[in-house]
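Going in written order, the chains are labelled A, B, C and D, and every chain counts its residues from 1.
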């Protein structure tokens, strides 16, 4: 069996591990356009901020490829997917029996007037991109970040550790709109601002000049370095060109098979099914990518597996304040907050289920909530008061506790 | 594989497992030293107390470990069925805290990394300290 | 009260250097001796509440606790001991009968400790139990007077109902109520695994334990609690309790507060009512009446189960036993004055009855003298503390022993003798669910099994040393015993010679 | 002062020997003397004795009592007792020969007796029980008088001394019997009382025994419930009573008695080698007669009217060899004692512990 994997990040590694669970023999070739041993993309901000060494950037140990008998073609781009082969940028054709497309996403850069005049502009997506930033940034470098989402603020945090003077600008009226509600966003915003990072909301860049940006609210922000972190777009072109179905991202079934025969896709480039809302969306999350890759790998090696129970979820911290969120916020809400202590909790219920939550500050044991959303545990057998108090196993009925903790099955 | 199981029928909520766990993983060679001078090492096992019901919760060492799969750094790994964390590689992102359905990933005292039960494989305790220390057999290491 | 006339006899000592304030002691003390003061970050102990059950000491992870004699002493007086003075103060305070639990703790002679065993040297060989079979199986029950033959000349091997024990040790009567369900379960499961018997006491048989029936002796006592057809049929034998070594001549009283749902069901009395066992059986005022009850129970169980009659060892025990042996009973159980109890008036416990060693010796000899020793088996109780006591009891003439206190010790009891309070920190003599939980029967039964296995091993070692490879050859084999420091009269009653003779 | 048998329990090692002619050929007593003499070192001169079966054909219907008397007074009192209960067909001193090694002999008398029919009838006992009771009575109640042989057509001869000297003393070469047993004693502590020598006898049961049983007091206290008095405190005595009790009173066969006193181990009973019926019986024996299990080392030869039985303890802690030659069966502690009188045995073997050898006359 010949396996080809395009991409070298979490989904690709998941694919390798998925394949190798059952097939120790098949030939696996990874094609990556980067020159690195597999590394963890989410770590780039930590690396930039100096929290992670070069050594610790790698997602798997240095012997990973050897141990898993994987051939890696570094700095090679796949240009075309044929019926049984992939054409590379050097013209080589790589034959496959099963192909995994784990191409991830690329930064989205909206058209902004004068952007082409800015020399020191960067995105925040790859190790190379942060390496470039690191070369330029100095103490008190003025940094303008466009985008107060996850990537923009993670970049801000990293630069804060490098003592840069940071301004974050976002069109939205609050930060982290994709994961936080208004109240939680305020707490976080205050927390970040208290650290000296400037946040300008409900504003966008009217026009760039080489070292400054004029905003729509009339302010002008000078900068040495510009980071555009507005969002990402999935890399779907290879599949689209080969005739595979692509919507917001690559469409797969729950075995991660695309509409093309023998071609699988996983990770940020694909569309996932969010079981908390029963809708399809891109879930650009590392755990999601790895697990999709693993499922794809298993199926590629002939072991049937299905990827279900995907939900949006995020565990992230900014400037030392941690948040864990998951699911959807559409439903009946229960909130508890203590902004002075930077504590916030929101639980969202709908249809007799826990649908989503936001935890800020005290995030301990959040996974218990996550599992309730993923497993769609009916609240009838759950002690709601305990559920609201904090994540705990005590809220479940004895049968579930005994099964989960005691490894035994009993009748309730 | 032998795993730690808890039986809530026998948990007395004495919390000794937490202390034995914390001490065993503290690096100190005795319970007294581990807690000397008001130190409060973090246990990787947590006793939940309710009205008449108590039990300890610690890593189940799942066959399909969401924590390991979701780990962004590769700090969490499975070896011979035992899930352990290489704290030197952990960046404290808490993705595992978000993923663990049992709430068994604990956060270090300084919040910088996560810690978790590794069945006392790393601390040379032999048998898991919680199992050894439980006065009522509510925590057992068994093949089930 | 503004004046503390008496002080606790012991004091809780905490080594602050060792204490890590884990508060396990606080959580584990039902007497609320320990507490934690958050404000001052200190652990505080109130010795006055302490019963010296050693629970906190046993679980303290840093050995920071000790319970020591209170150095505070009343002025020395060999006659008026501090204990006696304290009791007077207590009674002056409460006007009540003093209650206590477990066996007589006073310094009466322990005859077991004045009897030594023999061993083989030169003229016959000791037997190594690791190399040769060593048998401890015994049967309890009547033996037929004569061998009967079938018409074809073969032997009629039918026997009166018999209990078969893998080793001559049984768990003595302790009711569900006086001890917890988990304690009962531990005893029941251990008896089943060991091939011996435990005894329900007079608290009835919990429905969950009917499955252990083949290893259960069901007791019928003066309160008749929980006695009905299924109960009698469930057991392997029926025991009529006439008396108890810890409180001869006294009934029992389980306060209504302990009659919770399960116990009420098991005892078949309304919840919350006091369970009072009268001092006598009100249908037995004489030996003839006993005979009627023995046969009533035999009728009720179709003559399939041996009937045991249990009595306290009192002054004329030999004559009483002789009467019982002729009453149709299959087994006599004799409980010595050191036998335990869940609650007894202190004065009764400490001053009534006779030592089991002397009672046993005189009963065994009396029944032999009358030629009726085979009519009954003899089981003795009342402080059999070790395998050596078992061996001595059997050599004196017992068929088997009952152990109660030793079994409870195996379950964790530290003989604080406060069972009557219902706050047993070891989960044994309590019905409080949070305390009952502390005795995990999975552990409890194993500890009991371990104990009996250990004793069985030791019995075999001692027998082997005597050159005996089966316990039946030890029974009544008083030549294997010698007394030390005993008077002529004591030796005569025990039917043994003095060491050196 | 040394205490004698009956005042103290005296352990002893021993030699035993015995043989029987299944055809009932009568063999001279010199032969058994020769056999036992070969095990001289197993005795220490403090006791020797013999039992001969078929030696009194002329009085075979009478009970032959052999009695030691310490004094003439004892004899007079005993004879008064005998006269009251028996028709004394014959009485005499037992002929002896002065022997330098045999000293301090008591008065040794022999009586051939038939129970008085009136006495027997009024006792409501069967004849043998009546005789046994009389023996126990004399031994228990008449000071200085000791019946040491009381069966029909058999006799016990015993003394303090080496067995070969005892044989000469009693002139055993002048007797002939179809079966003989012999005993040489090695007591560790005895003043040397003639009554304490072996065989021990009751009616026609005689026991020669080598060993020291550890179950002694358990056995004694049990058997004493049935009217026996273990006055001598010896193993041989209690074993004899057990045989008497089980065989004569409980009507159990010698094979079954072996299953009681040397009962198979439980592991063996449960091992599946026995039929269900046999298993039930073994279990029954171990239950009902548990107090008659004899533990500790023993090898015994039981003599009885018409046969011999040999038995070892179930662990075989004492030596015992058997041999066969034509109609003869030989039993002895050591093979040399057999070879001495039967150098060319057809078969020599060592019986297993607890496995009885029972030999009876062909015409019985």
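Definition applied: a residue touches a chain if its C-beta (ideal position, glycine included) is under 8 Å from a C-beta of that chain, and two chains touch if they have at least 3 such contacts.
These numbers come from a predicted model, not from an experiment.
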| item | value |
| --- | --- |
| Mutual neighbours - chains that touch chain A and chain B alike | none |
| Farthest-lying chain, centroid of Cα atoms versus that of chain A | D |
| B-C or C-D - the one linked by more C-beta pairs in contact | C-D |
| Distance between the centres, which are taken as Cα means, of chain C and chain A, whole angstrom | 68 |
| Rounded Å distance, chain C centre to chain D centre (Cα mean) | 47 |
| Chain B and chain C, separation of their C-alpha mean positions in angstrom | 43 |
| Geometric centre distance via CA averages, chain D-chain A, whole Å | 101 |
| Chains grouped in pairs wherever the two touch, ordered by label | A-B, B-C, C-D |
| Sites on chain C touched by chain D in the complex | 120, 123-125, 127, 132-133, 135, 137-139, 143-144, 146-147, 149, 154-155, 157, 159, 162, 368, 371, 373-374, 397, 466-470, 472-480 |
| Residues of chain B that touch chain C when the two form their complex | 9-16, 19-20, 23, 30-32, 34-35, 52, 133, 135-138 |
| Of chain C, residues touching chain B in the complex | 17-18, 20-24, 27-28, 58-59, 61-62, 433-434, 437-438, 440, 442-443 |
| Chain C partner contacts - residues on chain D that touch it in the complex | 9, 11-13, 188, 211-219, 221-222, 224-226, 250-252, 256, 263, 265-267, 277, 280-281, 283-284, 286-291, 293-297, 314-315, 317 |
| Residue ranges of chain B touching chain A (in the complex, touch as defined) | 3, 5-8, 46, 48-50, 53, 55, 57, 60, 66-67, 69-70, 72-74, 88-89, 91-107, 111, 142, 144 |
